[in-house]
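Each of the next two complexes has subunit A plus one other chain: subunit B in the first, subunit C in the second.
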Partner chain A sequence: MLENFLDNIKAFVEGFKNQSTSAIELQLHEMENSFALVCFGSLMGMPSPPNYLGMALLPYIEQEIKVMIFKSERLDDRLAEFFDLSDI
Partner chain B sequence: MKNIIFFLGKGGVGKTTSSVSLSYHLADKGKSVYLASIDPAHNICDIVSEKPFNGVKNIYQNLFAEEVDVEEYLKKFVKNTTRSMKNTYKYLQIINLDSMLDVMKYSPGMEEYAIMYALKDKIENNIDKDYIIIDTPPTGLILKIFALPFTSRMWIEKLILWRKKIINARGAVANINPDAIDKELAIKEEDDKVLKELGLQSSTVEFLVELLQDRNKTKTAIVMNEDELSLNESKRIKEGLDYMNIPLNLIIINKKGMIENKVNIENSFSGIEKAYAPFVKDTSSTEHIAEICKEWAERLIDD
Partner chain C sequence: MSSTVLVIIGLVIYVVFYKAYGGFLKNSIVGTSEKEVPSKRLFDNVDYVPANKYVLFGHHFASIAGAAPIIGPAIALAWGWLPAILWVWFGNVFIGAVHDYLSLMSSVRYDGHSVQWVAGKVIKKRTSYIFAWFILFVLILVVAAFGAVLGGIFVKQPAVPTAYFLQIAFALILGYIMYKMKANFGISTIIAIILLATSIIVAKFYPFHASYQTWMIVFLAYIIIAAAIPVNILLQPRDYMNAWLLVFGLAIGGVAVIFAFKPMGIPATTMFSAPIIAGQSTPFWPAIPLIIACGSLSGFHALVASGTTSKQLSSEVEGLFIGYGSMLTEGFLSTLVILSIGIAGMGIVGADKAQTLTANAAAFGNHYIPAMKSAGGPVGIFAKSYATVVNNVLGIPKAFMVILAAMWVASFAMTTLDTTNRLARYTFAEIFEPLKETSKGMYDLFTNKWVASFIPAAIGIGLAWTGEWKVIWPAFGAANQMLASIALMTASAWVMRVQKKPSWPVFIPAMFLWVTVTVAMIWYVIKIIPIFMHKSPVQAYVLGAMMVIMLLLNFILVYDFAKPDKDQSFVEDNA
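Our next item is the complex of A and B:
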């Protein structure tokens, strides 16, 4: 019984942990997305650093590019994005 | 190094001739001089009556000249990036990455970057010379090259701040919930390759910004003729230099007396010293070339 109780507490803490980081993760993905967008902004007409800077960073920002492409793909489905953000 | 002297101006006004003239003058005084042309359309070799040469060449006494190969710097940059790309993105082996990135050489701003990088490299390699003299490309390009370290510095500072926020956020997620993030992403600031690359770029631009604004070491001279076009363009150069807080030391009015309808230069460029240089028809001997800078040479050098 005590074991059960402890398991429940553990599950509660895990759930709490997951919830607490989801907001930071969301913010992190937005920052990664914007970082990649800024590096390659000249491709879409955004004010951007000189091209060579984007190119010099290109080999090291795989994660940011992944996030940027993932986010860009979903841009035409804002409702789904909203539900996702709201955890619905 | 005592001074680094830049010759700026409209195309064809005599920047190369003036820079070669001053170089000969300094060499005659027993100084060691490094003369570099960063204009992609070089013509030092024509003026010093040499065959086109690669790399540094000792052309006179202690005078070393170089027509900087900008293309080589671009190729090196693209090659290094391609190599790092192949190491990071292993799955890209199937596409022809080399030719894809090779096209980047022609994107806007890349030539300016290559020249900026070459400039830093050449100055660092010749810091032991008494004087470094730089013959620059015409107005449009040189103003962009001079502006590049300033704009890059602003972007690099912001990108570094942004990157640090990302690393902190990744660290926070990894601390609370290690399963939520890839271990390779949760690293310290000092291990982050993006921050390292930004740091390297930052050191290049800081070096140039400091040097360009150093009023003791850096001297700039605008070379112009007595015609309206070169006067207007020289005014634009001055505005550009003022904006970047780069000192302007001298206006050289070259080929004096050659233009019939000469413009009034005396009322322009208030507060800046002006000097005249004769039109020298025969540039086949060093004595003739050295004559061009007789009136103004001492105003550009600290000796």
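Our next item is the complex of A and C:
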């Protein structure tokens, strides 16, 4: 029981850690979005020069493309995600 | 009454209501859905990831806990400790925690969409715009209110700015150790704690004196510069140190107040209309939600709950623990604030002032706010009282604890100030969306990173310039509570129209809050703004205009709530 309690406290502190890294995660996701756009801009009709690079990367990046398309459907509703950083 | 008894009563109320009322909400209002939670159904390993419930609780609590649950109760003590603590306890269990829990769960049922988006679906599209306008007003007023309160404590306690700016410098070092040297979590934590303690000890010997107006200029520059610095360099390590400040503050304070066994040194009740806002008779009802905001209920929490938390909830059953439970924990923080000042506050205002204050209940009500002002405002009185209680029970040096407590509040307030401009940018994009078609140039101007940062920061600091936190704080409270009222109406519409369950546990608090805050805002505009006008006309016009716009939006909101869009097809699909 004590071990269980200590694990829960540890998880709680882990949550604090996650909260303070959420800003950095957000920035990483934005960088990933930009990267995906550079590589696969042609998927959405944006002329993007290194098509051959995108094609070479395509098999490895299937999941990222799915995430990108899914996220693009929710782009009108991102405000609340940013409030996670506000600490009020 | 002994503070120890009060802490125990508070804990019992929270546990009983969590089990009984929370359980009732979970079983009878929210119910269960056949669909899997979004974190599993829409798993993408980026935003939608199921999290351990304790990890998510820690994350959610760290996001909703800030400086406001400390500042509000410290001011509200002018009505006496009993009304303040009752509002914290019962506002919490019947309104605040219900609001957080229902916002979280309605978001979970709508694929992790924000409460603002859900409002657009279950009430009217324009409700979503009204939401965005209220968010903008809260952002401006939060800069003003936190700026004014922080300026006060920086002037009265010159060690606090030294400690804070040292913390920033140390955060840069910590960031370097964490990211460039790749130190592990344990070592980084030990270093973070040592750096925090060092900043407090150094600050004790090297205070930093500057005038209130100088601090306002520093804050404005800080807010704008913070937007330009990459988050991993400053904000992330700083937030990590803040989280530890919160854990230590809560743990040490909790233990100290429980084992203090001290009687409350201030009257339980003073008078119904104590002079609080701008020195005017301020009636407990309807003004209380304007003073105690986040400790009891806060509209910002709906956004936090429906932002990240709803996408990471791994089971609907855990929603109660995270949504309802973390709000009760924040209420417990406010309870500690009330009790700390209650048992030690009179020992720190000076013997002559304490004598005047404790003469009788009416004298306390009349003279508490000026006495608090001379002690450094709400942060000052809390920090000194808290330090005294901790010193008495645990023997930790008082001077160290005063700086730690003041830094605790200051760090959270500063975090809020610098995230505000990031948030403003996204809010502007939302509000000026209609301009995108008609005037692309204007849209680009308002959503420009620097313009969107500068406008709320400049208006906020401009309002704080007068140093009248007593006038500005209730305006922030009003905007924040109106946001809560929209979130509650949204939850109520969801329960009525989609869940088709009895909606009174949400509808009654929503209407109570709407009526209370509307009456309070009308009172504020009629009574307080004209007085502010004599002192600082420019600020009074800006504040008055914001309050009047909010009032108008408020009436549109309740009209829309009563007459929602006829087309409910989307609602039915998601039921």
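The working rule: the second predicted complex is superposed on the first by the 57 of 88 C-alpha atoms of A that agree within 3 Å, B and C clash if a C-alpha of one lies under 4 Å from a C-alpha of the other, contacts with A are read in each partner's own complex, and residues count from 1 in each chain.
Note that a residue touches a chain if its C-beta (ideal position, glycine included) is under 8 Å from a C-beta of that chain, and two chains touch if they have at least 3 such contacts.
Bear in mind the structure is a predicted one, so any value in this text is a computation, not a measurement.
Trainee: Check the residue A:5 against both partner chains and state whether it touches subunit B (first), subunit C (second), both, or neither.
Mentor: neither
Trainee: Does subunit C touch more residues of subunit A than subunit B does, or is it the other way round?
Mentor: Subunit A has more residues touched by C than by the other partner.
Trainee: Quick check for you: in the superposed arrangement, does A:63 touch first (subunit B), second (subunit C), both or neither?
Mentor: So A:63 meets both subunit B and subunit C here.
Trainee: Could you say whether A:13 touches subunit B, subunit C, both of them, or neither, answering first, second, both or neither?
Mentor: It touches subunit C, and subunit B stays clear.
Trainee: Identify the partner contact of A:24: answer first if only subunit B is touched, second if only subunit C is, both if each is, neither if none is.
Mentor: both
Trainee: Taking the superposition on A as described, I'd like to know which of subunit B and subunit C A:83 touches: first, second, both or neither.
Mentor: After superposing on A, A:83 lies in contact with subunit C but is clear of subunit B.
Trainee: Subunit A residues touched by both subunit B and subunit C?
Mentor: Of subunit A, residues 17-18, 20-21, 24, 27, 63 contact subunit B in one complex and subunit C in the other.
Trainee: Under the stated contact criterion, what part of subunit B meets subunit A in this complex?
Mentor: 77, 81, 84-85, 87-89, 101, 104, 107-110, 112-113, 148, 151-152, 155-156, 159, 162-163, 165-166, 169-170, 172-173, 176-177, 180-182, 185, 193-194, 197-198, 201
Trainee: Residues of subunit A touching subunit B in their complex?
Mentor: 17-18, 20-21, 24-25, 27-28, 31-32, 34-35, 38-39, 42, 49-53, 55-63
Trainee: Once bound in the complex, which stretches of subunit A touch subunit C?
Mentor: Residues 8-9, 11-24, 26-27, 29, 63, 66-67, 70-71, 74, 76-88.
Trainee: Flag every residue of subunit C that touches subunit A in the complex, lowest number first.
Mentor: 42, 44-47, 51-68, 113-117, 132, 135, 142, 185, 230-232, 235-237, 239-240, 242-244, 246-247, 294, 298, 300, 303-304, 306-309, 412, 415-416, 419-420, 422-423, 426-427, 430, 480
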